[in-house]
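Working notes, beginning with the structure itself.
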Amino acid sequence: MQLGMIGLGRMGANIVRRVVNDGHECVVYDHNPDAVKAMAGDERITGVSSLRELRDNLAAPRVVWVMVPAGDITTGVIDELATTLDSGDIVIDGGNSYYRDDMRHSKTLSDKGIHLLDCGTSGGVWGRDRGYCLMIGGDQEAFKHAEPIFATVAPGVAAAPRTPGRDGEVSQSEQGYLHCGPCGAGHFVKMVHNGIEYGMMAALAEGLNILRNADIGTRIEKGDAETAPLTNPEYYQYNIDIPEVTELWRRGSVIESWLLDLTAIALHESPTLTEFSGRVSDSGEGRWTAIAAIDEGVPAPVLTSALYSRFASRRLDEFADKALSAMRKQFGGHDEKPGA
Amino acid sequence: MQLGMIGLGRMGANIVRRVVNDGHECVVYDHNPDAVKAMAGDERITGVSSLRELRDNLAAPRVVWVMVPAGDITTGVIDELATTLDSGDIVIDGGNSYYRDDMRHSKTLSDKGIHLLDCGTSGGVWGRDRGYCLMIGGDQEAFKHAEPIFATVAPGVAAAPRTPGRDGEVSQSEQGYLHCGPCGAGHFVKMVHNGIEYGMMAALAEGLNILRNADIGTRIEKGDAETAPLTNPEYYQYNIDIPEVTELWRRGSVIESWLLDLTAIALHESPTLTEFSGRVSDSGEGRWTAIAAIDEGVPAPVLTSALYSRFASRRLDEFADKALSAMRKQFGGHDEKPGA
Amino acid sequence: MQLGMIGLGRMGANIVRRVVNDGHECVVYDHNPDAVKAMAGDERITGVSSLRELRDNLAAPRVVWVMVPAGDITTGVIDELATTLDSGDIVIDGGNSYYRDDMRHSKTLSDKGIHLLDCGTSGGVWGRDRGYCLMIGGDQEAFKHAEPIFATVAPGVAAAPRTPGRDGEVSQSEQGYLHCGPCGAGHFVKMVHNGIEYGMMAALAEGLNILRNADIGTRIEKGDAETAPLTNPEYYQYNIDIPEVTELWRRGSVIESWLLDLTAIALHESPTLTEFSGRVSDSGEGRWTAIAAIDEGVPAPVLTSALYSRFASRRLDEFADKALSAMRKQFGGHDEKPGA
Amino acid sequence: MQLGMIGLGRMGANIVRRVVNDGHECVVYDHNPDAVKAMAGDERITGVSSLRELRDNLAAPRVVWVMVPAGDITTGVIDELATTLDSGDIVIDGGNSYYRDDMRHSKTLSDKGIHLLDCGTSGGVWGRDRGYCLMIGGDQEAFKHAEPIFATVAPGVAAAPRTPGRDGEVSQSEQGYLHCGPCGAGHFVKMVHNGIEYGMMAALAEGLNILRNADIGTRIEKGDAETAPLTNPEYYQYNIDIPEVTELWRRGSVIESWLLDLTAIALHESPTLTEFSGRVSDSGEGRWTAIAAIDEGVPAPVLTSALYSRFASRRLDEFADKALSAMRKQFGGHDEKPGA
């Protein structure tokens, strides 16, 4: 089967490698010609220098995977594809688009008879080897046509033991891809996945921070009028070897997880993480998940707290904190303490 | 009536002024002789240089108010009073003691027949004029004996319109003091009061921060692979005059409050609060309130979030944030961004 | 001055009373004729039965206040006014509209030369006597024209002591109304106000719940394998008189506030609040405030927690809770406990 | 090697099975004689009917594992062991004791020359096959003596791929057990582990609830004065197959985890989880973790939110919610809505 790939960043390039390794052919494009050149050397990969050329090298109905940054860039590519591809062709948006944009993009394309499949793609830099978890929305028939590609990109059933009770034929979900519903459903599920990821990451990070400060009884001076003394310093005298603890938890504990595996790697490489500043980016899905919770009227305190902690890590709470200090000064005459 | 006062800091000195202005006599002590000298000049105030001397200048049964920092210092004074005062005397701990310490202190004193009244005292630097809101625990008879002092220190019923339905005789609570229960009940109620205060302060501070950033659509650059673009910059184009807004809300709004009054003062003095660093102290009660909620098994997400925001304002989340950045680097190859 | 009023619910009717009491004239309309009739008997009030008739009874340039439910109903009225009023007329939307809708409504009206002023209105059922706090956005000249009405509806400077440092001429904000900025700015500020209100209410509510359960050491049985025993039951033996405590805090405490006054009234009327089910509604602004925080990238954990607590009070967390129980059963064989 | 086991509940019995399968001998006791009888039939297992008899069947220095409910029951067993065992013997507390209790228990035992090792044991009902993750505190020499038992109970290095960069000799942590520090360190690390577990569980649960309500645009009626209408019902029209989504995420996604595996099992067995009420227990460690965060002064909003959600699932927020409804009624005349 043939696949067109637009966008040869880390994710796009790795997906191409995975697809051709499985015997498919790829026609690849990137706005940066060097990225196209870097894919050369595999006879199943054809580099092209325009979307038009991409179109011409694919047999109809074409399947074109778009793997570019979400937002205006994706919209630009979709708009161009709407005027380049033919009716019956299929566009897969594998990026991190907001599912609401999918609805708009789908309209743009369907006006020309082109199908949009939105495809949430999880796996990060490890996906080339592990395979990518694919959450797909859009027209069922278009999905069926592109399914061999999804099956190739996904990890496959062997990536994890089968769930007890799941016997017989292997389901889509067990192979690591799933048609989740109509347009936007794929990115909606991916969005919630990332929201959960934020929460899990924060759970780990907070826990490690508590371990890190388990020696606070050895460090804290007596309190003053502004700060309560630590009531029980004798309970906080531990120097925990955090890299070893994260390694420990990888076997037999309830919190076994890939994020824990990665944390153990990171802490083995750098036990105190001093090379990091702790300014944590967020990339859309965490925000959108919280907004979905609010729109739906369901509580999501953990997911939202995780998001807010990232904002706070970038000091975006500054004016609020100043307001608190100002209030404290007004009612209690409390001056801020220089180092606390 | 006579009152002994130990501790002539801001609060202690102001309470003495209030008490003598109402016709009572005070015998005052501070470990700093200059603080004692500073109270001179009022014939109803007698300065002394030891707890023994304080005792000797008061007629039994003595009422001695302790207004010193909570923790070891208060414990030290209580211990000394246990050996200085006589059976039947009454000690009022007006500081910010943990109610659990009251139980211990009460035992120390009652072994000598001395009563402890724990007295949560709210009012800050404004209390001298406004009066102090007093939350009192301990023996009912001891409370009755000291009640005239409490009535003097409290604001009195005229400080606020009577609640509809409260007619006839004025209750303790309407005068601004209340016997809340046995030993510790006063500081327990004060602790929860401060927990509420933390939550209200944070509610205001967060809201002002949202107003402050209502112009973010004019400031934010396009997103990148690490940061989602602001979906709707057109919705965030406001330059809100925050000092005027806080002044506005003081009349007729649902959030009329003393904390808002103080915020309006602070912002009128300093519209951008640039002289504050935003490192917000916390002084015990907020922590204890959260612990009480956890012990009781009741949710207190607002009060606890307010506490955690203060911790975060002092960068105590640093290792957690570094762990998040380290995880992001592992799974996605994401480097931290220098300025975001 | 003349004012047209559309919508004679609690708020609309009370604003009309306030306006005519101050010497202005009102032409009033409601889709329910009985509501119009109920306003009869004051010669300064003219009831009408259609928007056309409302228009005909007002001299140009007309000022028409819309006080109907936000959302589709407000949009419907705006659309009708766009075809009924004349160029130069002014529409005030005094309801709880989303500020983003103001932008749309403003466009609808400005296409006909009509001005929209968005006016966040705080004060609830007490506003008729206390006056309403008014947060206004839109064209500056239109605002100036309507300002006498705003000045009448607002509480006036006497409603609170002037902030220290504010001398001389009384500002808009001190009178209780403020032109906050261009279209939407008024409802934006009102939205944040309500967000703060949610946070303050939750702070109070959580604190009262902690007081309520201060006797838990007298009630809790021993723990079991599923539930930790209360470590220190001796610390939770208090029966706090919550109505008296809320009354107490009204004088001299740091948390003096109108919400506290109202809580004291409610608890004086009904000390255990047994007539309430505890299913707490939310009406839009709390949600929108949290979404604004997320869009702006600023942490708002307190305001958002307050919102989520309301969702949880309506059991909208049900599936999440079932999922937790299901996980616990899977990994630990824990069955749910019937009553805990 | 010989091991004494006290407590033959699910965990204790499974540990015994694992230990004897690896060639060690066990002397087992439970206060319930039937539990002892149930272990019969393996010649390496000796059942006894008293702690004295347990002592007599073990060669000194004895290693005795206590696996009984935390709190008073564990304390009772420790007290009895202090008078039964000999100097030089080793007691392992493998239950969920509070690390602060370990310090007390250690004192009780060390007065008789007996060592206490506190051992946090994770693995639930699956541990017999998977092995248990063991977090151990206490005297280093005592640990060394008992280490063969820990090595047997732990999963062993093969349970997970080795972390990149970890070559050569296999560390304790890689085998699934770790001496974490002095007395209490094991249970401290286990406590934080469970705190993280609470956070991860809640992250998953909240995410699933958001998926569950992704169809809310098809269900929600128009808003009213009390409830904002859903602004964009068209964005919430998805019927997500949640069991399939959890299965999907098990392969290739960032949130791969054992908790997700268990969730997939649970949802495969019961797609709507109707047999659960959603009253979620908590068992101590989540509370203690939050208290540790507060004592240390580090923010833990995610872990604490997860805890509070469990409290709320058991309706422990009831009085707070009633107070909110009461306030809303006071300021806005809002009655609670029967079903919302």
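Letters A, B, C and D mark the chains in the order given here, with residues in each chain numbered from 1 onward.
We adopt the following convention: contacts are C-beta pairs under 8 Å (C-beta built on N, C-alpha and C of every residue); 3 or more make two chains touch, one makes a residue touch a chain.
Listed by chain with UniProt protein names: A, B, C, D = 6-phosphogluconate dehydrogenase (Decarboxylating).
On a predicted model such as this, the values are computed, not experimentally measured, just so you know.
Of all chains, the one whose mean C-alpha position sits at the greatest distance from that of chain D is C.
Of the two interfaces, A-D and C-D, the higher number of touching C-beta pairs belongs to A-D. The geometric centre of chain A is 29 Å away from that of chain D, both derived from CA atoms.
Averaged C-alpha coordinates put the centre of chain C at 43 Å from the centre of chain D. Multi-chain contact residues of chain A (touching two or more other chains): 124, 202, 204, 206, 209, 213, 231, 254, 258-259, 265, 282, 287, 295-301, 305, 308-309, 312, 314, 316-317, 320, 331. Shown here, the protein chains touch in all possible pairs. Partner chain C is touched in their complex by these residues of chain B: 99-100, 103, 122-124, 127, 130-135, 154-157, 159-160, 163-166, 171-178, 180-182, 184-185, 188-189, 192-200, 202-204, 206-207, 209-211, 213-214, 216, 230-232, 234-241, 244-245, 247-261, 264-265, 268-269, 289, 292-293, 295-303, 305-306, 308-309. Looking at the complex, you find that chain C touches chain D at residues 9-10, 69-72, 98, 124-126, 201-202, 204-206, 208-209, 212-213, 222-229, 231, 258-259, 262-263, 265-267, 270, 273, 276-284, 287, 301, 305, 309-310, 312-314, 316-334, 336-337, 339-340.
Put simply, chain C touches chain A in their complex at residues 254, 282, 287, 290-291, 294-301, 304-305, 307-309, 311-312, 314, 316-317, 320, 331.
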